[in-house]
Amino acid sequence: MLEFAVPIAIVAVWVFIGIRILAEYERGVVFRFGRFNGVKPAGLRWIIPGVDRMVRMSLREIVMDVPPQEVITRDNVSVKVNAVLYFRVLHPEKSVIQVENYLYGTSQLAQTTLRSVCGQAELDDLLAEREQINLKLQEIIDDQTEPWGVKVRAVEVKQIDLPHEMQRAMAKQAEAEREKRDKVIHAEGEYQAA
Amino acid sequence: MLEFAVPIAIVAVWVFIGIRILAEYERGVVFRFGRFNGVKPAGLRWIIPGVDRMVRMSLREIVMDVPPQEVITRDNVSVKVNAVLYFRVLHPEKSVIQVENYLYGTSQLAQTTLRSVCGQAELDDLLAEREQINLKLQEIIDDQTEPWGVKVRAVEVKQIDLPHEMQRAMAKQAEAEREKRDKVIHAEGEYQAA
Amino acid sequence: MLEFAVPIAIVAVWVFIGIRILAEYERGVVFRFGRFNGVKPAGLRWIIPGVDRMVRMSLREIVMDVPPQEVITRDNVSVKVNAVLYFRVLHPEKSVIQVENYLYGTSQLAQTTLRSVCGQAELDDLLAEREQINLKLQEIIDDQTEPWGVKVRAVEVKQIDLPHEMQRAMAKQAEAEREKRDKVIHAEGEYQAA
């Protein structure tokens, strides 16, 4: 019996080394002898030690902050815009095989897209039509990250910082609107009273 | 039997030393006695130890940051521009044989091209016609890196930093637009009130 | 048999010592008893040990940074200019025989040429006519490095640092343009309000 003890122990260790536990929200991208072999679902999995290599990918939604970007709108107002990106990995094999670092790539893409979309809009649209800006951002970023297996669910512009002088000028415009109504109401009152 | 043990062990070690595993997204540029012999696809590969040399090249997309470049636009505004480059190696043999360091070369080329393209544009075009600037950058850089086997998929201008005085001057123009509306609203109010 | 073993071993070692492997992109410049004997192509090569000497030369393209040079332009503005040089060795024997260190020589030549070409140009030409400056630099440097067997494919001016006062003066011109537009908008507002 003892003569089998050593081989059995070696096999046991070998089997044990190949054990991997993948969480519910993880997938394992397996490469057999370097070639893409498949994506392992969550649970207790086994890969052949020395032959298989597994890259763990999380499918959980990632909420990523896009750092503030200084943008000059189409009507020449320089604003600071930041945004939040909600995305997840949809095809883990693409995120590993197609791109060096999908997180860095997605972040850079979000930054440039935020700039170009906001730069093409006028300040009033940027402030009033956020829904549309968000939708446009989501569509462009999603489209560009598609080959990396990344699905962008939503993009939301967070903060739009205006320069103080611009804030003043805009406030004046709003006040003028009120004063106009005020004058019209006054005039109406006087007309009716007359 | 024992007399064959040593030679067999030597051959086994020799065979083992030549084993290479190339990941799905990697290619091996093989030189036999120094001469280019071919490009090995992904998977389990064997090269003749002492005779073959293999250089591993990744075909994954690389997202590269082009550091900020101080550029003077055609209309004499000095701005700081940076960009993002999306590229991959298309012909691994060229990236090894034709150039000393394709990553450094691509980075330098992106920097000088960013400068020259932005330097030939006027500030307004730089801010408003990003799409065209990006396309022009992509075309020139892709064309220049072609002999190195590098394919540039896209270039995107990221940040355009204006000097503060210029920002102020541009903001004034935008504020003037608001004040114009302010005046028009006031006049309308008075007209309706009258 | 044994009496031949030692001489055979010595000859074998002697033959073995002379083996050289030249990569696809390398050439071997061979000197026999010190005299130039020829250029060996890539592959497995043999030189006579103790008689031949081989200098390995790479033919791959080199991307070289030319460090910033302080230049005074024809119109007396002192600027800091740097550039990037793309070159390769075309005739390896010349690069070995004609010059002590072709890399150092090329770098120094690029620096002095950068100075003299930029010093003969006016600042505006330097900023606006990059293509022509680049071409002139390439032609001069290529011409000068020709006896060293070096082929300069391209030279690209990278950064042109202006003194702050100059930047300010140039920016003012651009700002004036903006202020003009600001005034026009103001006038329009008053016209419409009237």
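Each chain carries a letter (A, B and C) given by its place in the written order, and its residues are counted from 1.
Rule of thumb we're sticking to: contacts are C-beta pairs under 8 Å (C-beta built on N, C-alpha and C of every residue); 3 or more make two chains touch, one makes a residue touch a chain.
Note that the coordinates shown come from a computational prediction; the quantities given were computed from them, not determined experimentally.
Counting only chains that touch, the fewest steps needed to get from chain A to chain C is 2.
For the two copies, chain B and chain C, the CA superposition rotation is 20 degrees, given to the nearest 5. In whole angstrom, the spacing between the mean C-alpha positions of chain A and chain C is 41. Once the centre of each chain is set as its mean CA position, chain A and chain B turn out to be 21 Å apart. Along chain B, residues 170, 172-173, 177, 179, 181-183, 186 each make contact with two or more other chains.
Against chain B, in their complex, chain A makes its touches with residues 31, 33-36, 53, 69-70, 72-78, 96-101, 104-105, 108-109, 111-112, 115-116, 119-120, 123, 147-148, 163, 165-166, 169-170, 172-173, 176-177, 179-184, 186-187. For chain B in complex with chain A, the residues that touch the partner chain are 21-26, 42-44, 58, 60-63, 65, 84, 86, 127-128, 130-131, 156-162, 167, 170-175, 177-179, 181-183, 185-186, 188-190, 192-194.
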